[in-house]
Amino acid sequence: MGWDLDDGLAGLDHNVLTGRVEDLVRWARKSSLMPATFGLACCAIEMMGAGGAHYDLARFGMEVFRASPRQADLMIVAGRVSQKMAPVLRQVYDQMMEPKWVISMGVCASSGGMFNNYAIVQGVDQIVPVDVYAPGCPPGPETLIHAINTLHGKILTGEILRRRDETGAGAEIHIEQRDGQSEPVVLAGRD
Amino acid sequence: MGQYLPIVVLALLAVVFAVISRFASGLLAPSRPNPAKQAPYECGIVPSREPPERFPVRFYFVAMLFIIFDVEIAFLYPYAVSHGTLGVGGLVAIVLFTIPVFASFVYEIANGGLDWGPRRAERSQGVHAPGIVSAGRTTATTIRRVGTEGRPTEGEAA
Amino acid sequence: MTDADADTPDGDEGATEATEGPEPIHGAPVTEHRGHRTAHVARDGLLDLVKALRDEGWLMLLDVTAVDQLTNANRAPLPEGVAPERFELHVLLMSHREASRLTLKVQVPEDDPTVPSLFALHPGAEALEREVFDMFGIGFDGHPDLTRILMPEDWEGHPLRKDYAVGRIPVQFKGDPGPR
Amino acid sequence: MTTTDIHEKGVALTSEGAQELQPRDIAGGTEVLREMGCVLRLSEAEVAALGDVDDDDATTTIMNMGPQHPSTHGVLRLMLELDGEEVLRTKPVVGYLHTGMEKTGEQLTYLQGPTNVTRMDYAAPLFNELVFSLATEKLLGIEVPERATWIRMLLCELNRLSSHLLFIATNGMDVGAVSMMIYGWREREETLRVLELITGLRMNHNFIRPGGVAADLPEGWQAAVRNLLDTVPARLDEYEVLLTDQPVYQERLQGVGVITTEECIALGLTGPILRSTGYAWDLRRDVPYLAYDEVDFDVVVGSYGDCFDRYSIRLAEARESMRIIAQILDRLPAGDYRVQDKKVTPPPRARIDESMEALIHHFKIFTEGFKVPAGEAYAAVESPRGELGCLLVSDGSAKPYRMRVRGPSFMNVQALPHMMHGGLIADGVAIISSADPIMGEVDR
């Protein structure tokens, strides 16, 4: 709680007394985002892996996956959405409490992925407004955590909600994939 | 007058807190009502027929259990705090209070309030096989390893 | 003597291969292809053949599925006396005692696609037959609950038929990809 | 009914009409026959005996344990008819993850097939690739070299271990021991790290292909597998202490979801559920494929056929898998990892720069795909959930004419109503978890 005097009022650093209520509310929403378990297919296994001990979503205040949409404010659509599942997904999204966000995890949720056929909805953004698209099939826990951090950043700045009010569409942020091993693996058995 | 001041302040605080929390959510939370939010949540399915109003009696047993234990405890706390000053008179009063509550608990147990569903009865008598529900049964005792010596014999092929 | 034996086996060798092949099961002609034994049976003979096989030890029904042979250029050869139809029902049975599998093939014509249901003999067939009905439109008479199982209830058409389009949405080319 | 007009109407049309469970008064007598279990129905005599129970006071409620539910292991929807807490009738409504994979399978060449098939049973992806490759090789009539067979066995046993660890984690969580999820996933991450080292991916590897394996084993794979074999057995003993000796865990699983051998065979169940009834049937031993007849392992069999048996079987099978992996570690033969038949295997990368034919060959195999002689072939393997079969019908072109995958979970889901009958809802959750269905394999 310092005050850099020669900078005048600008030097007053950020603290409780001088913080805006809006920042406090956004910070509270960001750090206790409760995801609704919407695990559909293979991405759900990776989402559970992200919730597990090794990748540990709890570091971001999200280790509790709420089952009922009444207590959840983030829907991670993890897996391919079939035509039979589309109305159910829309119903669960409508029943979620405001303010709510959607992460479309995996290429099948984002764009139908490799299943371009009669059974799969080609992209969940036809049904619900999507905020962050996480690429990968399945995206590793690192990519999911990267998507969640991106969303946290957008919630903290608050412009995600302003755009939602005007256009009703999601923030539609695309992120790149961040998993896999760093150093290349040398193949043995060359002889 | 001073003696009752804490109680009055406490009551006032309770009322104020109730009023604030009643109206705060209306003001602070964003409200976008839609038909789905009012609808009952049934795992994502829109229920096509209304759930019946009549509930089986057994659910009321659970309500009774709650009343017996929770409400009774609420009355025991103030007694426990001041049982020294109340002396024997207090003890008699508390025992008189507890007896009818305990009587309803006995009635509940007699009516099988805790014995939910036939499953438990069926399992305890070992209807399926003796020793199916027993503490001694661990992973080691319940499985047997069939080596690679042969396939199921004639009898086992049922 | 010996040379007689010597040449007759070759003679027989050729002969047995051509005429009867593996012996028919309960009168149903059997073909063998890469270790995949198949018995061809008519629609009305299916139930009693499965019943006879079950008493013999073929206890488990593994799979009931169908193949739409509409556009199959070179289809597996059928023994004579079996008229090739559009739909071909595959019933896969397994005998635990002999540890082997047997497929029953039933030819189902396109104009009247109904087959007697195996539910009475193998209750496990209920869901499999519902899936074949859902995907191919082959009806099973005697089936307790013949409704769709995989597709939504109000879906038109049977997806796995060869004349049903894949339902691919053509992928538009959204602008050129950035420098690789 | 496209998804867009759901959007406008705002009302989600989620009722599936005839596929749902009808209440007794509407559906009439025949629906009550479903009382015992969706498939093994009551006979008329039993229903008549049941009939004298006057129905008016026991108002049964029909409730949805719907597609979005924490304990249905994916998008399985069970319609339960409840009398208070007791489950009378159940009807599984599946299809909420139907991906049309069999239709897509007909559009992809044999080389692309494993990428499509591997997403069916996503807890054990390598088994799908193995069964597709075995069926294709049967059609081609080619023999895979020794080393490829043993590498496939190593990968499948590692995948079985990770699948059973996933079961132990979710079984503990479903029955209330939520921290089991953390323990189970800790070991699963170790196994996935070894699989990632070998195949490059944590899931959906596309590593087992028709003709052998995608690449050779990387440097230092023995050290990684040996380290896994040193840590996981100790952790499994830790689970024994955590779960098996717990009276709560025993009370929740023992005597719940009992099924007999005759019912399993009538329902077409295979895998741990069939073995839990005391019937020793394991494809790896009875219809050996790959090199399972040269490896010595035990088939684990239960005694009562209840949830506790299935839990013990999977725990013991995890140990058996590690025993097999240990034997593979020392007996992996040398040699090439793919069949050397020019028709099926693309030439090695270095050869393409040197010879024109290799380049043409490479190009033809990867674009048009290799042609498979016409015919039909059925191959089956013992996946962690039962017999996983793949029927391939080929018309001589480079794409399968018909690809049918027989998923064990499809039959296990049909047996759920039979096991859940008469139990409480909480028992039903334990039974679903013990059947361990994977919805990708059920709906395909």
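Going by the order they are written in, the chains are A, B, C and D; count residues from 1 in each one.
We adopt the following convention: contacts are C-beta pairs under 8 Å (C-beta built on N, C-alpha and C of every residue); 3 or more make two chains touch, one makes a residue touch a chain.
Keep in mind that what you see is a predicted model, and the values were worked out from it rather than measured.
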Given subunit A and subunit D, the chains that contact each of them: B, C
Contact-richer chain pair (by C-beta pairs counted) among C-D and A-C: C-D
Distance from the mean Cα position of subunit D to that of subunit C, given in whole angstrom: 23
Rounded Å distance, subunit A centre to subunit C centre (Cα mean): 46
Length of the line joining the C-alpha centres of subunit B and subunit C, rounded to whole Å: 54
Chain centre separation (subunit A, subunit B; CA means) in Å: 35
For subunit A, residues contacting two or more additional chains: 83-84, 87-88, 91-92, 94, 117-119
Two or more partner chains touched - positions in subunit C: 59, 96, 99, 150-152, 159, 166-167
Sequence positions of subunit B contacting 2 or more other chains: 34-36, 44-46, 151-152, 158
Parts of subunit A lying in touch with subunit D, wherever the complex brings them together: 36-42, 44-46, 48-49, 51-54, 65, 67, 79-80, 82-88, 90-92, 94, 114-115, 117-121, 126-127, 137-138, 140, 179-181, 185-189
Touching residues on subunit B, where the partner in the complex is subunit D: 34-36, 42-49, 51-52, 54, 56, 58-59, 116-119, 122-123, 128-129, 132-135, 137-139, 142-148, 151-152, 156, 158
Contact footprint of subunit A on subunit D as seen in their complex: 3-4, 6-7, 10, 12-14, 16, 66-70, 74-75, 95-101, 103-104, 115-116, 119, 122-123, 125, 166, 181-183, 185-186, 188-189, 192, 196-197, 200, 202-204, 215-221, 334, 337, 439-440, 443
Of all residues in subunit C, those that touch subunit A in their complex: 150-152, 155, 159, 164-169, 171
For the subunit D and subunit B complex, residues of the former touching the latter: 10-15, 20, 23, 58-59, 61-69, 77, 83-86, 240, 244-245, 247, 250-251, 254-256, 258, 261-262, 265, 279-281, 285-286, 293, 296-304, 306, 308-309, 311-313, 315-316, 422-424, 427
